[in-house]
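Below are structures written as structure tokens.
One chain, chain A, appears in both complexes that follow, with chain B as partner in the first and chain C in the second.
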Partner chain A sequence: MMIDQELVTLSRLQFALTALYHFLFVPLTLGLSWLLAIMEAVYVMSGREIWKRMTQFWGLLFGINFAMGVATGVTMEFQFGTNWAYYAHYVGDVFGTPLAIEGAMAFFLEATFIGLFFFGWDRLGRVAHLIVTFLLALGTNLSALWILIANGWMQNPVGAEFNLDTMRMEVSSFSAVLFNPVAQSKFVHTVSAGYVLGSMFVLSISAWYLLRGRNIDLAKRSMTVAASFGLASALSVVVLGDESGYTVSENQKMKLAAIEAMWETEPAPAPFTAFGFPDLAERKTHFAVRIPWVMGIIGTRSLDGVLPGINELVEEAEQRIEKGRVAYAAMLKLRENRDDAAARAAFDANKADLGYALLLRNVVADPALASHADVQKAAVSTIPNVPVLFWSFRLMVGCGLYFIALFAYSFWLASRRELDTKRWYLKLALWSLPLPWLAAELGWIVAEYGRQPWAIEGVLPTALGVSSITSAQVLFSLCGFVIFYTSLAVIDATLMLKYVRRGPDGLGLWRDGQVPATGAAT
Partner chain B sequence: MRVAVSKHSWFRTPAGRLYYRHFGTLLAAKLALLLILYFVFIAPQPRADTSPAAVFSALVAQDGAVRKADP
Partner chain C sequence: MIDYTTLRVIWWLLLGVLLIGFAIMDGFDFGIAALLRVLGRDDDERRVLLETVEPVWEGNQVWFILGGGAVFAAWPYVYAVAFSGLYIAMFLLLVALIVRPVGFSYRNKLADPRWRSAWDWALTFAGFVPMLLFGVAVGNLFLGLPFRFDADMRMTYTGGFFDLLHPFAVLSGLVSIAMLTMHGASYAAFKADESLAARAGNIARFAALAFLAFYLIAGAWLAFGIAGFVITSPVTGEGPSNPLLKHVVVQGHWFASLSAHPAFWLASALAVGAAIANFAFMSARRHFAAFLASALVCAATILSAGFALFPFLLPSSLDPNSSLTIWDASSSKTTLGLMFIAVLIFMPLVIGYTAWVYSVLRGRVTLEHIRSSHGGY
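Let's look at the complex of A and B:
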């Protein structure tokens, strides 16, 4: 029986929409939580009331975002059960562990301390409340850590072995899963991107207040914090993104080649294609503008390291499919007779490529009967959508460089106390608000679309992870998800805009020129 | 203009209480939507068979493969 590709596409679409929606909220939680901690730390150190009110105001927006974002990711776990049952079974032993730890540890920490953050202003001392805010920020970031450990394992499945009896991957070294270099580099890159987004959120909304001549005291201080934290974070994103790219060059060579639209293996050090129009059918890049050496140096951190091109990697995939077929045949024999020593030896020698043989299931019903043409077709299927990856990556990097420039300029203006003197700058800061979200979503598209055709790199093709259900059933639940998320998006946008428009002055939190009853300077 | 700041939290003011109501309503609405999503769209779906035998047959697709697979 052939795989129902419509079912696979709908299941992927549903998961992608859910994940992209969920990640609209996550980075703001990641970034804003640390900005709250910084603002409150200034309040505790200086005793100035305005910093407390700043923390409370941005905390209100943090609360709305948190309430909307939390548990939008739970629906992805629904989908592991409904649409990705074979995936859940095949790799659940490994993949489920960090997810469970995230729920039990980080999420509980986060949920507990957000309650104390809101309800503790009157009940806790200054330092105790500051510790709560720091723990809230830590909880959100730990949450991201465990999720990215799970995701990192999908990109680089270390510390696990295939068990022939249970037909699933099982953990062989939890420390290898935990300290997976791909997961670690993805974690720091992702949270840094969240810090940039949080900083842009504060910068843009503060710029809007300055443009309207409202909340000047609070907005200027907020922009100063956002500019400083944003500049450090934007620089970190680029440096840590480079590290993330380097780990990709180690274990996901096809993804890297696709991002670069590098069809042929170039002599070292390979050039970086800054611009061009990749053509999947002709396997060439039209109007390519190449910068010598750059890709080789970034990708291998050497002048003589070679990065394989797409065509070479397809040939390599062919060889791995053939080896995988040996493991596949041995697996079938072992299912018949567990004592077949020859089959056991063949399986053990080739099991690393078993996943490649499973790629044939997209081409023929029975991989054992695949022709050479079928093997070639399966090998070609390892090429992801090059044009999408090529442009997503460049747009993301372009946004990242723009953020450095904007935050550096903001920092310079803040240091000269000129944040409110240039209207064009304030307008630029305001209209830059959506860009970090765009960059973050593009980053996920590069990471996950670039992983295709694999659900687990080199282990499980995406198409084999789907449940034995019908396309109509997935379409039905997809409709439910669209209704659910559209309703949430409307509520979220309405509430967020309402509180931003009212602002600290409209909410009675702080007015320009206000001084506390104690007479302390603000 | 010098305006005294109350010693009590802003969250005890009418605006603060309204925020709490919005926050609570948001969580309740979300919980309700999640329950609807689960019970209407997710729970009625058939449970996939993920026994080792079922996973094996999903991977190899057909029984015939067992006999024919010997490259």
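Let's look at the complex of A and C:
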């Protein structure tokens, strides 16, 4: 049976759109939850009312965003079943566990305490409420941990083996899945990105209040918190992003080579291509500007480690496809006769490459009948979209470096109590608001689009993971999601803007109606 | 170490626990949302009703999310077949389940009556649709879904959305609607302002009677009108999770498993008894007792359906041998064991802090409180 490529494309498009959309809300939840916990901790320790008001005001915006994050997350939890049913069957034994534990350990925690965060102000003591806020932040971050353990396994499928009796991957070592180095570096990189985004949100909106001369005390204090938290996080994103580059180079050499548009294997230490126009058809990069040594040092942490180029990796893929075909043929024999010792031996020797044989399913109906040209075609399909990855990565890194500079400068201004003295700075902070979202979405593209053609690296090609549904059904739901999600985005943005415009001074949140006394020391 | 058979039975029971947790906790949210316009006659009353669920619905919804995650991890075949097979129904369900959180959070955030009225309608839809769809889905389990597996374990499904609307499945949808309406109204009766309690009590009592009628008709239909599924090959709980290794025929009726395990009848008896108790307590104005009775109805109804299907999880009408049973649709022994440990650690914690949150929020949400507060955040 051939795979319906139209169905695959539509399913991938729907997954990408719903995931990118969900990821507009999640990073803000991740970052803002800690900022709320910090602000409230200052309130509990200092007893100053303004810090409580800061927590409540930013908490209100947090709530608007949180609802969208929860709502769009529902789609993600169920989409593996609706649109990727074969994926769900093939790896559910491994991939389902972190998702389930995420629900039991993390999502329950955040979702149970978010209600008390809003409704508990009058019902709980100060310390008890602070604990609620802390548990809320902890829950959201643990949630990210389990999701990234699941995602890390897609990038680097450790601790699992194929079971012939059930035709799927099954867990062999859960601790390997849990302590997957890719999952760990992705977790810290992703949550740090969320912290940067949360800090930018607070920084930009506060800057707007300062430009308007409103809520000055609240805005300045908020900016101070955001600047410190943001600077630490921005540094951590870049440092840990580098760490995740290093772990990528260990197990996803093709992704790394594609990000760098490194067509040929370079003599160590490899240069870093800072600029250029990668050309997939000709397999070369036009107008490349190269910085010697840098790539080799980042990618291998050494001066003599060699990073393989795309062409060499395609040849490697070709060999693995040939070995995978042996495993695939042996698998078919074993299905007929479980006791076929020769087939068992052939299968065991080559089963690590079984996934590569499955790549042929995109090219021919029966992998056993594939010609050499088919194998070459399948091997070439392991090259992801180089220009998109090359540019997404560079834009993301550019944003990351800019955040360090902006937050460092904000921190310097805050420590000199000059946050409200420079209008150009306030405008810059305001207009920087969309950038962390851009960087976060680009990061998703680099990580997940760069994983293609694999759903599970080296194990299951994305195209094979689809459900046995019709393109028309997916087209229906895709259009539905686009219309539905667009309206929700409009509603969310309208509400967010209305609340920001009204601001702490205009919302009537506090019954005394007073703007907090000015001049109080932080 | 626990053997594979026991682990599968444990996970079958845990699946029941999750569904029951979902029906009880999220069920009253659905009920409140669906009844919002009927029970709440003006904006203040609707705000009261909403505030009874606003602080807790997010935690309640996790029962559903966790249910999805746990089915994915423990019963991957069920996750794959049910969600892709019921594709359009799932899409509608997702839309409803997305509208609901947003509606709960956003409805009171602006004072404009048009804004609020639009969200009230959206919430009515978002409460009603899942009730109906879950009931219809359960009804279809008894009829079997049209799917089969090939040797790669790739599933094909031959039905469409409207094929789900068999009269028995629609009846099952009505059971679900009556049950969760009763549950939501019972919650409102003890949690909302006293002035709403009588109205909510009347709705609950009416729904309890409707539930009894639909539930008994469905039982009779199952006993006489719908063929059951039976495994005819030797059954082992230790074998690999491969649904194609057994032989299944369609014969007799679904109550065969109840004849084999007479204790299973208790669930059905409990469902009927608890619905009568809900009616009686509500008439005696003992609202909290009535709510507990309606929670018991939810639990017993789900148990009775699960027991009647035993050992099937998802029968196939297209190719009975492809049917998913608790003996051949689970994940590996290792995964079931690990997940069981996770449940033992986290479930008591979850139940503990959820109970604490409810105790902090105890007491009725009064009209007076709503009129003096700044809004629903």
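Definition applied: the second predicted complex is superposed on the first by the 508 of 522 C-alpha atoms of A that agree within 3 Å, B and C clash if a C-alpha of one lies under 4 Å from a C-alpha of the other, contacts with A are read in each partner's own complex, and residues count from 1 in each chain.
To be clear about the criterion, a residue touches a chain if its C-beta (ideal position, glycine included) is under 8 Å from a C-beta of that chain, and two chains touch if they have at least 3 such contacts.
Small disclaimer: the values here were computed from a predicted structure and weren't measured.
A.B. asks: On chain A, do chain B and chain C fit together or clash when superposed?
C.D. replies: Superposition result for chain B and chain C: clash.
A.B. asks: Which partner does A:D339 contact after superposing on A: first (chain B), second (chain C), both, neither?
C.D. replies: Neither: A:D339 stays clear of chain B and chain C.
A.B. asks: Where does A:A104 make contact in the superposed view: on chain B (first), on chain C (second), on both, or on neither?
C.D. replies: A:A104: touches chain C, not chain B.
A.B. asks: First (chain B), second (chain C), both or neither: which does A:E282 touch?
C.D. replies: neither
A.B. asks: Name the contact category of A:T75: first (chain B only), second (chain C only), both, or neither.
C.D. replies: both
A.B. asks: Should A:R325 be classified as contacting the first partner (chain B), the second (chain C), both, or neither?
C.D. replies: In the superposed model, A:R325 contacts chain B only, not chain C.
A.B. asks: Of the two partner chains, chain B (first) and chain C (second), which one does A:G480 touch, if any: first, second, both, or neither?
C.D. replies: both
A.B. asks: Tell me which partner A:D304 touches in the superposition: chain B (first), chain C (second), both or neither.
C.D. replies: Neither partner.
A.B. asks: Intersection of chain A residues contacting chain B with those contacting chain C?
C.D. replies: 1, 60, 63-64, 67-68, 71, 74-75, 78, 81-82, 85-86, 88-89, 118-119, 165-168, 335, 467-469, 473, 476-477, 480, 484, 488, 491, 495, 499, 508-509, 511
A.B. asks: Once bound in the complex, which stretches of chain A touch chain B?
C.D. replies: 1-2, 49, 53, 56, 60, 63-64, 67-68, 71, 74-75, 78, 81-82, 85-86, 88-90, 118-119, 121-122, 165-168, 325-326, 328-329, 332-333, 335-336, 358, 361, 365-369, 464, 467-469, 473, 476-477, 479-481, 484, 487-488, 491, 495, 499, 507-509, 511, 513-517
A.B. asks: If we count contacts the way the header does, which residues on chain C are in touch with chain A in the complex?
C.D. replies: So the residues of chain C touching chain A come out as 54-59, 61-62, 64-66, 68-70, 72-74, 76-77, 79-84, 87-88, 90-91, 94-95, 97-102, 104-106, 109-110, 151-157, 240-242, 331-332, 334-335, 338-339, 342-343, 346-347, 350, 353-354, 357, 360-361, 374, 377.
A.B. asks: List the residues on chain B that touch chain A in their complex, please.
C.D. replies: Touch list, chain B to chain A: 1-13, 15, 19-20, 22-23, 26-27, 29-30, 33-34, 36-38, 40-42, 45-50, 52, 54-56, 58-62, 64-66, 68-71.
A.B. asks: Help me check something: in the complex, which residues belonging to chain A touch chain C?
C.D. replies: Chain A reaches chain C through residues 1, 60, 63-64, 66-68, 70-75, 77-78, 80-83, 85-86, 88-89, 92-97, 99-105, 107-109, 111-116, 118-120, 123-124, 163, 165-168, 170-172, 174, 335, 467-469, 473, 476-477, 480, 484, 488, 491-492, 495, 498-499, 508-509, 511.
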